[in-house]
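Right, one structure below, let's go through it.
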């Protein structure tokens, strides 16, 4: 019971600070109070919010799945062919410092303002950490395990699928957790700057009409969704990697 | 004599990744392993006994000479030469049952036969009730037995074992030695019926107890010092603490002693 | 794994060769479809790059952005490090405020742009707010982790020797935390750099076409996209942004290795 107490105090403090700031500002547009934001949330829930959230989720899922899939495939090929790895490693190193954000104008050029921009950004954001993480994992697979598989009569395909892939899963998940954070930021930025749907885009929409209480509500939703996505991934990781000894963190 | 593995003038040179130096792990190995025999390999640190095993397993190729299995050169690992590794090398993401069924699955044996075989093996190694545990939940002795069952699932002609009992405590080791002998068919039938075992170990008494012949290797470079015949009657369990085993153990130790001391003194810090 | 090792010479030449081939194909494709100017091409990018560098446009925009990155980064550190250290040393604070901080951390910094614009105006401080917001959390996370990892016994020993709390902070806590703080700084700077671009892009979209002078590279990119429509320049800007990211991180890593040779993460 005490364990629940302290976080509640922290949240209460934060809410109190917020309320004080709102009172001090005295202007509901400048600093919406917690109460007005709550009302805005309720109003939004009945109208656009579900649609916006759905649109954002679609953007995220499509982009992330595509980026992760490509990252996995490329890493697998690079893992088994030293020549391919020699070619693609420098390209990956070259592109890695260019954050997805930098691609926004070009993405707008390529896809026009719309869903394509955030999806492309997320695809790009997911691709590199997953590629690098998976390739790193593949390279670090214990060769004894591979030898054990060979001595048990596994073909190359079986080795890849039933030995190397499971052994790489922890690294894949590490890359996935990392890329989810970046992808989420790319989603919001993409929707704000170049999108036409989704919760990020909706923030701008509300701002156009100076509905700052809704703006703040939407901002909080963005945070909540981001947290939910990471929590889900963490839960998935714990389930898939339940064979890891407790010390090897699934944190 | 019925040869199953022939090593003809085998040499193995490694290039050290750290400083590019060439290390001669094995040199001038001429030896024939007889079908159905229990061969143990002993020697001081650095004598290349694990390297020898990996050549027979097919994980490495010799730098010079030939390694033949049933008359043909060994080019790759295969299910007929089953391997037990020093640290078990169990697949951590598979349960006990999952590990044991890996071999038959990989070779395409149908599900019904596989299930049956797995069940029998689990029974045989005494892991009933633990089929669905993951390796990290098992004790050392249990992992050992799981690794053994996994190897046996393919019914291999040869058992290649690299210090399989090194990581368990003494009591467990004695029990496992007896189980191993039993499963091999100690004292039952003729040599033709049994798998051929190549058992690498640090424990000289263990080597003498289990083996038909003990291959004693020397170090720097790894070469055959001597082949000691162990002409003791089988089954061997009863002889464990007897005088014959002790005498042979002392004899083998005599052969290794000086080089073992050398090895300790030269041991580089990890 | 496939048999042969790839030689060191090949390791450099092969990707270079592939890159050259790709560039050549790309160039030819653009020319053949007469889309030079509509689509970016390698020669176009080089040309634009030369013009923009020599005319000082990009240097000016870049310095504007970098200035704000550094200020935001400093603010993030000034706020984040003490907060993180406090949370790391007092478990009660950690338990109380961790959920709130995790929640705030989950909000993508760019989402605050509309509020930031409202509070601080469009001129540049709004972007600064976003940058500072992005930079503060890596500092908090790493500082709290660092504080928690500092050996409790050292603190106890110091206090037993009569050190007051401030002295403990100065002589035990801070030095022990420095490696992790450095890592946090590297992450914070990377986040800050990405955020400034995003913020400037968002602000730029808002004021596009209003003829205001360009304050940073993000706004420059928006203007290039919508007003001047120079596609080659866009690609050039991307490459520059990437180069700056790389240099910043490489520079910090080198600094870390120089200042703290025993740590390298």
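Order of writing sets the chain letters: A, B and C. Residues in each chain are counted from 1.
We take it that a residue touches a chain if its C-beta (ideal position, glycine included) is under 8 Å from a C-beta of that chain, and two chains touch if they have at least 3 such contacts.
Just so it is clear, the structure is predicted and the values come from calculations on it, not from any experiment.
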Centre-most chain [mean C-alpha coordinates]: A
Chain whose mean Cα position lies farthest from chain C: B
Averaged-CA centre spacing for the pair chain C and chain A, given as whole angstrom: 18
Euclidean distance of C-alpha centroids - chain A vs chain B, Å: 48
Geometric centre distance via CA averages, chain C-chain B, whole Å: 55
Junction residues of chain B, two or more chains touched: none
Chain A contact footprint on chain C (complex, rising order): 1-2, 4-6, 10-11, 14-15, 18-19, 40, 92, 95-100, 102-104, 106-115, 117-119, 193-195, 197-198, 201-202, 205, 221-222, 224-225, 231, 234-235, 237-239, 241-243, 245-246, 249
Chain A - residues contacting chain B, complex: 142, 144-145, 147-155, 158, 162-163, 166-167, 169, 242-245
Residue ranges of chain B touching chain A (in the complex, touch as defined): 57-59, 76-79, 81-83, 85, 87, 89, 91-94, 102-103, 105-107, 134-136, 150-151, 153-154, 160
Chain A residues touching chain C - in the complex, by the definition given at the top: 3, 6-7, 9-11, 13-14, 29-30, 79-83, 85-91, 94-95, 97-99, 101-106, 108-109, 184-185, 187-189, 192-193, 200, 203-204, 206-207, 212, 215-216, 218-220, 222-224, 226-227, 230
